[in-house]
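Input: a single structure, listed below in structure tokens.
Which chain is which? They are A, B and C, in the order written, and residues in each are numbered from 1.
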Amino acid sequence: MALEPARFKQNARDALKDQILRKNFRGAMDFLRKKRSAMFPDPEYFATLSSYGESVKQQALSQLPDLLLQLEKNCQNNGIQVWWAENADEANQHVLRIIHENSGHKVVKGKSMVSEETGLNDFLQQHDIECIETDMGEYIVQQSGEHPSHIIMPAIHKNVQQIASLFEQIIPGATYTEDVDTLIRMARDEMRQHFYTADIGITGVNFAVASTGTLCLVENEGNGRMSTTIPKIHIAMMGIEKVVAELADIPYLLELLTKSATGQAISTYFNMISSPRKEGEIDGPEQVHLILVDNGRSQAYADEELRQTLQCIRCGACMNHCPVYTRIGGHAYGTVYPGPIGKIISPHLLGLESTQDLPTASSLCGACEEVCPVKIPIPKLLQRLRVESNKASGQAQIMRGQGSSRTRTEALIWQIWSYCCIHPRLYHLLSKMAAMFGFIMPLLKSPWKINRAMPKPAKEDFMSQYKRKKS
Amino acid sequence: MTSARQNILARLQAVKTGMLKQLSPKPAAKQIDSALEVFSRCLEQNHAEVLQVDQRNLPATLEQLLQKKAIQSLITTEEFAYLTSVKQLEVVSATKAKALNKDDLFYQVDAGLTLAKFGIAETGSLVLWLDQHQPRSISLVPPIHICVLCADNLYPTFAEFISSMNMYCSGVLPTNVVLVSGPSKTADIQQTLAYGAHGPKQLIVLIVNPESDLTTAFGS
Amino acid sequence: MNIPIKIYPAKPAKVYLYVTCLVNHFSPTTGMDAINLLEREGIEVEVITEQTCCGQPAYNSGYVEQSKQVALSQLELFSLPIPIVILSGSCGGMMRKHYPDLLADHPKVHEFSQRVYELSEFLLHVCQIKLQDNGTATTVTLHTSCSGRREMGIHTTGLKLLSQLNQVTVVEHEYSHECCGFGGTFSVKQADISASMVEDKSKYLSQSNCDSFVSTDWGCMLNINGALQYQSSPLRGEHLATFLNRRLKKAEEVL
């Protein structure tokens, strides 16, 4: 299934009609919101913690190149090899090269959104490298030939019946069962042999600590630890914005992440990797590679306001609270990252010209901003992206694809509108005419009328009434 | 120097980010009264079993536990070498060998027994300090993980543990540090919780109350 | 989102009233009801009839230059240092929160934006209004616009005013915190998604078994009332000002 953000409107329309999808998502989002809310009963505590988290991320971003250099140096001192990739293709090429140099034949993957971003699985498949997703949710979507629909719970769009049918088809010897414990056991047993035989493990990175050269991974299942322990090569792929300065920053960011994402005080495993297998150790990978991926992040970085997009710690709370995401699900966006964060990051990764619907697909309700653990001002950034989308040509180049949504019609409408608004006599004359001819409004064609009656202007507008009563 | 590295750094360095942003106030350090109780409760809430045991009773308790769980093959480290004397128990040494036997680990062994170097009370987390004395996979691959922690090594919060960490490693972290806060789990199928996704399905924690030399000298 | 602590002034002798373009065109009664409520508190209400629109539609659509011109023209109309009482949480949010960004270089923008109060918060916190309920028993539910809730903090003020009415039972509708799907131009630019949101919101309002629903925002209400009318539902929303006014009026009529 190809990802096509240009098909957003059609995808949304289709998703809105899908009653099963709507029910699945509504139930899942309600569940996740309750769990998060239970972990932050005190709004003042959340306010303090999230302000602190915001400042930690902003401080790190304000010295990003220095931190990346420090991370590189300390990783290298620890024996971790560091590679840089400007775009998706370069990142994939690094992975392939490392695999080939080590005669690798099979990859097990811990969850990595960056690897989704680069299309790594398809790329490796094209190069005849077997690549198995091992996170339960990722495994389910991979086997279904789909993409994840949520950044934390990739198979959230599926109900147990759908998964039971899937496992019956794909797992040798499996019978149909809706018992979740049994389904998990089946997948676990199936996956063991892959962990055993794989020679390459690929994961993402939740936080990278510059001062110690440490890669931190958050998980509940243990497949991340498996992928970073059993195979002889571990490759970690990371967006450049994920680096933090000090170990001391970690406990606060970790708490914000796990509480916001799944309503847990901490994940089952928090894995801090500082080197490959050392002399005298009897397990662990012989090589650890870190691939630092840009892929459009430096564009967001260059603008002070848009840079806030990079504060994201990928918790998913924004999409859990989004009334749009709840109704259309993750696939409709046609981007790797869905929901509010998807709308503000994808234009940098893919260009505004390819993601034109995303900045407008929001009523700017602010539910996301209210829960963002690092206080990203998402509605403001969406409004800013609308500014960039509609920019006239000849203005400062901030974003790839800027101005791509601008139409002469809309520009003219706002010109006329503003002219009227700053000329009160004209405005009130038009207002009187609208009152007189208001009966026409319900006759006009408009997308408003899908399921709403058109409002009719009052027979006498307020200003006329007021002036009349005063005299 | 690859050109990707130079290009990325050049783009980032060209941006004037101004003064280093100051950190906002941290939330107040959490007060954890009765750390041991909080620690045990969190682990139990996360589906782990928790036992408290006096140091001198540890070997007997372990033996009973192994019997109760019908564990016939155990992989462990030097500290528990004395368990080789337990009848009908095969003890696979995780440190004597030059490399771990994958077949044993994946298909033979019923449980892994490890020491946790530290614990964190607030979140009910065991801190596994993984290096040449403690391999990574014995607490991960077998379906049961038994973990022993000395009660003295319990820190109230992760933040406090990190601020003391330098005492143990002078700025160079061991190969791997893993915080384990329960048995493996997932809610990926219709948000329904299930245990034993890929890591151990059971986690049993033995908190050891250390006895001072004085007590054992004079008896109780 | 942290709403900065607002400092409410003492009750003034006079205020400006900003009715908002939607009230002007679609519900003049709301403006009249607001004037009545304020005058009952002994406040002189000045209506600058040159007012037009706060500029939000263009701002949210990304047409900042046009929005700026309009914002500037509005700011310059209200030069006396007296409060500006506005009849919408979302227009209030625009003036209070976004004008300082939009007109960052204007020497008077901060002073101006801090004088802006939405009606319900003004009545509660500045007038310290005490409402007498002279109506018959009824149930009502409150829908607060997202900007009203999150930018202006007025969901609580609306509820507090309603709870002063002893014959009125306030019920909460399901997913009351959720957006109604208006979002200005969102309702036409992403019409399918907007339609699904208003369909849900109108359903939740109807299912709350309230006799009426009120809101402090005509943007939301045009949206929701439009959906209710399409569904042939008897339920319609009215502005909080109208509802309050009606509950008070009976006493005067009786006397």
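What we mean here is this: contacts are C-beta pairs under 8 Å (C-beta built on N, C-alpha and C of every residue); 3 or more make two chains touch, one makes a residue touch a chain.
The structure displayed is predicted, hence computed values, not measured ones.
Enquirer: Looking only at which chains touch which, which shape fits best: line, ring, star, complete or other?
Expert: Graph shape, chains as nodes and touching pairs as edges: a line.
Enquirer: Which chain wins if you rank chains by how close their C-alpha centre is to the centre of all protein C-alpha atoms?
Expert: A
Enquirer: Mind checking the centre-to-centre distance between subunit A and subunit B? Centres are C-alpha means, answer in whole Å.
Expert: 31
Enquirer: Between subunit B and subunit C, what distance separates the C-alpha centroids? Give it in angstrom.
Expert: 55
Enquirer: Inside the complex, what are the residues of subunit A that reach subunit B?
Expert: Those residues of subunit A that touch subunit B are 27-28, 31-32, 45, 48-49, 51-52, 54-56, 58-59, 61-65, 68-69, 78, 83-86, 90, 134-137, 140, 153-156, 158-160, 163, 180-181, 183-185, 187-188, 191-192, 195-196, 212, 214, 220-223, 225-226, 229-230, 240, 247-248, 250-252, 254-255, 262, 265-284, 292, 294, 298, 301-302, 304.
Enquirer: Using the touch definition from the top, list the residues of subunit B that touch subunit A in their complex.
Expert: Against subunit A, subunit B makes touches at 2, 4-5, 7-9, 11-15, 17-27, 42, 46, 94-95, 97-100, 102, 106, 122-125, 130-132, 135-137, 140-141, 157-159, 162-163, 165, 171-192, 194-200.
Enquirer: What part of subunit A is in contact with subunit C in the complex they form?
Expert: 9, 12-13, 16, 47, 323-324, 327-328, 357, 359-367, 369-370, 383, 385-390, 410-411, 414-415, 417-418, 420-422, 424, 427-428, 431, 434-435, 446-448, 450-458, 460-463, 465-467
Enquirer: Spell out the part of subunit C that touches subunit A in their complex, as residue ranges.
Expert: 1-2, 19, 23-28, 31-32, 47, 49-53, 55, 57-64, 66-67, 69-70, 73, 146-147, 150-151, 177-179, 181-199, 222-223, 225-227, 229-231
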